[in-house]
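A, B, C and D label the chains in the order they appear, each numbered from 1.
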Amino acid sequence: MKIHEYQAKEIFSRYLIPVTNEVVCYTVEEAVAAADKLGLPVVVKAQVLAGGRGKAGGVKLARTKQDVPEMAGKILGMDIKGYTVEKILIAQGVKFSSEFYVGLTIDRNSKSVIFMASSEGGVEIEEVAKDNPDAIHKFVIDPDLGMTPFLARKIAFALFSDFNLVKQGADLFQKLYRIFMDTDSSLVEINPLVITEEGKLLALDGKMNFDDNALFRQSAIEALNEPTEDELKEIDAKEKGLTYIRLDGSIGCMVNGAGLAMATLDLIKYFGGEPANFLDIGGSSNPQKVIDAMNLILSDKNVKVVMINIFGGITRCDDVARGLIIALDKIKVEVPIVVRLSGTNSKEGLEILKEANLPIVETMSQAAQKAIELCK
Amino acid sequence: MKIHEYQAKEIFSRYLIPVTNEVVCYTVEEAVAAADKLGLPVVVKAQVLAGGRGKAGGVKLARTKQDVPEMAGKILGMDIKGYTVEKILIAQGVKFSSEFYVGLTIDRNSKSVIFMASSEGGVEIEEVAKDNPDAIHKFVIDPDLGMTPFLARKIAFALFSDFNLVKQGADLFQKLYRIFMDTDSSLVEINPLVITEEGKLLALDGKMNFDDNALFRQSAIEALNEPTEDELKEIDAKEKGLTYIRLDGSIGCMVNGAGLAMATLDLIKYFGGEPANFLDIGGSSNPQKVIDAMNLILSDKNVKVVMINIFGGITRCDDVARGLIIALDKIKVEVPIVVRLSGTNSKEGLEILKEANLPIVETMSQAAQKAIELCK
Amino acid sequence: MSILVNQNTKLLVQGITGRDGSFHAGKMKAYGTNVVGGVSPGKGGSTVDGIPVFNTVEAAVKATGANTSIIFVPAHLAADAILEASEAGIGLVIAISEGVPTLDMVKVMPYLAKKGTKLIGPNCPGLISPDEALVGILPGNIFLKGNVGLMSRSGTLTYEMVYQLTSNGIGQSTCVGIGGDPVAGLYYLELLQMFQDDPETKAIVLIGEIGGDAEERAAQYIQEHITKPVVAFIAGQSAPPGKRMGHAGAIISSGSGTAEEKIKAFEKVGVKVAKIPSEIPDLIKQVME
Amino acid sequence: MSILVNQNTKLLVQGITGRDGSFHAGKMKAYGTNVVGGVSPGKGGSTVDGIPVFNTVEAAVKATGANTSIIFVPAHLAADAILEASEAGIGLVIAISEGVPTLDMVKVMPYLAKKGTKLIGPNCPGLISPDEALVGILPGNIFLKGNVGLMSRSGTLTYEMVYQLTSNGIGQSTCVGIGGDPVAGLYYLELLQMFQDDPETKAIVLIGEIGGDAEERAAQYIQEHITKPVVAFIAGQSAPPGKRMGHAGAIISSGSGTAEEKIKAFEKVGVKVAKIPSEIPDLIKQVME
C-alpha cells in the first residue's frame, strides 16, 4: 500500500522530523489562500500515488502571485501515469545548500531492514544506483539491536562533516527507523533531505509504502488508503481470496498459484496471444471462488475467451470443476472457455466437466494455443 | 527503589491486569468509608516498604462493620521493621480457589530476565525455594525475543489445566513482562495470583522494585519514591557521590570502594569493634567529597572515632589528604581520627597529612585496631 | 538419500486442528510421512486422524522425538509458531502460512540462526522426497522417485514442472518449494549446496520468478560452487513493470529483477533456461547424458 | 604469557576526551600500554596526550588495528558504546562506566555472544598484566610481574590485596576486576578457565562479595575443572541483611548469598579462605609450595 507525499510527511512530523510548511489543496482557490498564508515562493506539487511526478510536469515552483493559480490550475486534473491529480501540495519554498537521499527498505539477502543514504539526493535513486552505485551507502540493521545511536551516528558521519549536522542526522535516522518499524513499512524515503540556510536538516519530500500483510494491525495506516478503480477491483478480489490484475489483452485467465499464473501469461504471449488479466484463485478449494473469479474476468469487456488452468495441490480439481459448473449455471458466459485441469482429484474433476460438455485440453501449451485460436 | 503494594497494583491496572477493588486510606475514618463503599468483608493491609507484613500483624480480614475501625486503628501507626505504617489499603475481600506465585527478576547467571512461577503461592517464595525448590518453575527470557506468546502459553500450561485460565495467564504474563521492561524493574511479583469463584485470574497482592541506575529515564517511577529519613540521608549522600549506610556501632568509617569498605567493616568486627556506618567515597578525587563525607559521619552522634581507609586508584591520595585538611579546618572534629592511605600519589598524600600532624598508620589491620583502641 | 526430509523425518503439524492443518496432516500421513504429532494449544490430549495432539511444541517433542515441524497456523501467529518450534529444538521448520508480515520474519531470523534451525517458507508449498516423506501441501501422486533435485519460488508452477518431468519418466530426489515472500528461510544458495552434496541428485532444476536478485546470485553461486548440471525456468517474462503478481517477490520495478536479466545471468554461467515449461524435460535429458 | 591483555594489546579509549577518559588514557600510556587511539564523536582528527581521536570505533579500528577497547563514557551511553566496539570487531571490551542500567546490559549480552566479543564490566576497574599492559583505572605502581592470577568483584579491595601480595614479593600474571553489577561480562568461571590454561599462572586468588551465588558456582567449577591452587576472600562478612552496600551485587536477602555460605562452599572443595585480607599472602605461599 502506498500513501501520498503529504501523508508521509504528516507521519514524519508526528515523530518530530522537520518537514516543510505546507498545505494540501483540492482547488485553485485553496492553493491561492495557502500561498498567501505561507508566503512566496511556494512549490506546487501533484499528489498522486505514482513516481516521476517531476518529469510529468507535476511539480512547479511558483515565484509570483500570478504563478500560483496558473500552476495549480494546470496541475489539478492532470493525468500522471493513469492517475488523475485530485489534490496538490502547496509547500513553502526553502533555500538549501545540499540534497541527500535517505531511505529504509527490506533487504532480501540479509533478511533485515537496510538503511540507504547518499549525498546525491534530489534525483531518482534508481538512477544513482545504476550510474554510480558507490555513491549509495548501505547499512544493514541488526533486527535484535535496531537503529542504535552508534549506527545512526556512523551513517550521519558518512553524509555530513559538520558535527552539528551529524547530531541532527543521527537523531533523524533513529526516528525514521522507528517509523518504519512502528508502521510495518516496506519503504520509507526522504528525497531530498536538505540542509537549510539555517543549517537545519529538513525533509523536502517523503515517500512511504507499507506491507499489505501487516495492515491488519495498522488500522491508522490502512485508513489512509486511496485505491484507484482498478485497485478497488483488486482489493475486492483479494477479499474473495483472489489476486487479480487487469491487463490489456483479450484472453481471460483463471489460474491457481501466482507462479503458474505468471507462467500461463508468459505462455500465451509466447504463442502470440495477449492475456486480459492475471488471476490467481489461490490455495483453497471453495466453489464460490470460481464463481467470483469468473465474474471478475467477465467484468472486463475485452475478454473474448477464458482459459482456465488449474493444477491441483491444495486446490482440489473436483471443487474447481463443481464451482465451474455452478458458475456457468449462474452467469451467462457468452465467450468460449478452454479448461485444463491436473493434479489432486483431477480425474474426478475431469469427469464432472465432461458431463457438462466443456472443452478440455491436456497441457498448458495446448490450452494457450486453443485459447488464441478461439480468440481470432 | 521500592514502591508500595497499592502503587504496584495501580501500574498493573494501567496494563489491564485485573487487581482487587481497593482504596488507600490515611485515617480510620477513610478506612470506614472505603469499607462501606466496597462492602464487607475487606482486607486491611499495612502499606510499608518492608516484607513480612503478614507476620508482623499488618494484614487483617475485617468481617464485620466493627472490625474495620478497630483493625485500621491498630495497623495505622504500627511499626514494621522500623517503618511506621502511615497508610493502609482497604481491599475488597475476594473468594478464590487457588493461589499462585508469579514473578520476574534479573538472573545473573543467564544474564537475562527470568520468569518464576509456582502453584504454591500465598506464602513467602523464599521459603518455597528452600523447602521445595522443584515447585518453582523458572523460564529464562531471551532478551532478543522477549516474552513471546508461545512462552507465555508454556508458562501458563505449567500452572493451569483449564484452557480458559491458560489464555488469561498467557495474556497476563506478557503484560507483566512489558511492565518489567517498560519501568526498568528489578523485581515484579504477584503473590498471590488467585482464581476467583468466577474463574478469573486476579492479582491479590503486588510488589515492584526498580533499578536505581535507570531511574534517570523513569521519572514517573521516581516520583513514587518515599524514602525514609535514613534513606534520605543515603540519597543525599549519593547526590554528593557518596554511598552511605548507617549502622549501629561507634567507629565512623570513610573508605573508597564498596569492596574495600565492606572489608573494612569486616576487619573492625574481626578485631572486636563495631562500625557506625558504611561509607564509600567512590571513584573520584574531589576534596569536597571528603568534606561531605566527614560531615555525614559526624552527623551520627554515636561516632567516637573516625577511621579513614583510602587505597588510591582513581581516587588520588593527595586529593584525599588535601580534602581532609580542608575538612578539618572547616568542621570542628571532636573525635580522634585514624588515617591509612595507600596507592596513587600516596607519598604526596602522606606528606600533606604529616604536616597537619594527623595520626597515620600503615595497614588496614593496624588502622582498625588503633580505631578500636581509641574508641574505648 | 535426498535432502532435508526422508524416512527419518519425524513430523509435527502445528495448527493440526485447523481446516488446512487437519486436511494435509491426513494427506501427508497417507503418503507415508511419519507424522508423529500435532500441536494446538488447548487441544492437547485429543487426536486428529490418529495423530496425538499436544498443547505445546515442547511437550510434543518430548513425547514424540519430532525433528521437523510444518506450520499451518494463521499468518499473524506464524512467526510465534516458528519460534516455538525452534526453541523446542526442532531442526527443520516448514511454514506454509501465507500472508505473514515481513517484519515478523525479519525478527524471527536471527533467533533461528542462533539455534541452528533451518526454515523453509513462509508462504510455500513445502517439500517432498518421493517415496520417503511429503512435508507440505504438494499433491504426492505427481512425484516420482529419481535423481533430479528441484527448487522453486512458486507452488503450482512447481507441480506443473514436476508433472512434465514425471510424465517423461524423469524422477526427483527432492522437490522444495521455497516460497515467494521477501524474507524467507532456505533459498537457492543453501539448497544448491545441499543438492550438490547429495549423492542421489544428478541434476538440478531451479524455477525462479521476476523480482529481487536471488536468481542472479544463484547463477553466480552455481558458477563458483556447483558442478552438477542445472536447468532453470523464470516465470513472469511477460509481466508488466510495477505490477505485483501475487507473490510479494514478483514485482518488477525500474529495470531490475526482470526475467530477461535473470535469464541472461543464468545463460552467462552455462545454465540452460527453458523458454516454456514443457521444454524442461528435454533440457534435463540433455544435461544428464 | 598472561590472560586477556599483553604486549599485543592495541587499545582504544572510548570517551577519551572526557575527564576520566583523558586522565586514564595518559596513565595507561605512561604504564606502557599500547594505546593506539581514542573515540569521541565530533572530536575526530584531534589528539589527546598524543593519541589520535576518531569519530567512530569503526574508523579507529580501520586506522589503528585496535583489538581491545576501554569504555569511559557516561553510564546511559555505555551500552551503545559496548555495542559499537563489538560491531567494529573489537574482541575484548572493558567497561569502566558505573551506573549502567541493568536492562541495557541484558540487551547487550546476546549481541556480544553472537559476535564473540569478550566483555569485562561494566562498573569495574579493568585489568592489568604487570609490565605488559594496564587496561583500566588500577594504580599500576602496586603491581608486580609474577605467577598469581587474581580476579575480584571489587576495585579498591583488589588493590589492597595486590598491595599485600606485592609487599610480600608475590607477583601477578594478570589481575582482573570483574565489577559488581548484576549483569556483567566475563565472570569467575571464564576467568578461572583462562588462568587454568595460562602457563604463567601458578595459583589463583578469587575475591568475592556477598550477594548472588557466583562464588558458590565458582567453587563447584573449581572442583570440576581447576587443578591449580585457588585462594579466596569474601567481603561483607559483617554486612547486615537487606542492606545494599554500594555494589548492586552486595546485598543480602533472606539467608542466601551470605559470606558464611560462600566461605563454606569454598572450604568444601578445598579452597582456602582468608579471614582478613592480610592472610592472603601466607595462604598463597602455602598453596604454591
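In the analysis below, contacts are C-beta pairs under 8 Å (C-beta built on N, C-alpha and C of every residue); 3 or more make two chains touch, one makes a residue touch a chain.
Because the structure is a prediction, the values reported are computed rather than measured.
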> What is the chain whose Cα centre is as far as it gets from that of subunit D?
Replying inline: A
>> I want to compare two interfaces, B-C and A-C. Which one has more contacting C-beta pairs?
In response: A-C
>> Averaging over Cα atoms per chain, report the distance between subunit B and subunit C in Å.
In response: 55
>> Roughly how far is subunit B from subunit D, centre to centre by C-alpha average, rounded to an integer in Å?
In response: 27
>> Quick check: how many Å separate the C-alpha centres of subunit C and subunit D?
In response: 49
> Which subunit C residues touch at least two other chains?
Replying inline: 110
> Residue numbers in subunit B touching 2 or more other chains?
Replying inline: 142, 144
>> Which residues of subunit C touch subunit A once you look at their complex with the stated criterion?
In response: 20, 24, 75-76, 98-107, 109-110, 125, 137-139, 141-142, 152-160, 163, 180, 182-183, 207, 209-210, 212-214, 217, 233, 235-240, 243-250, 253-256, 259, 275-278
>> Touching residues of subunit B toward subunit C in the complex: what are they?
In response: 142, 144-145, 148-151, 153-154, 157, 163, 166-167
> Touching subunit D in the complex: which residues of subunit B?
Replying inline: 106, 108-109, 111-113, 124, 126, 130, 142-144, 181, 184, 186, 211, 213-214, 216-217, 243, 245, 247, 255-263, 265-270, 275, 278, 280, 283-284, 311-314, 342-344, 363-365
> Which positions of subunit D touch subunit A when the two form their complex?
Replying inline: 41-42, 44, 55-59, 77, 80-81, 83-84, 87, 110-111
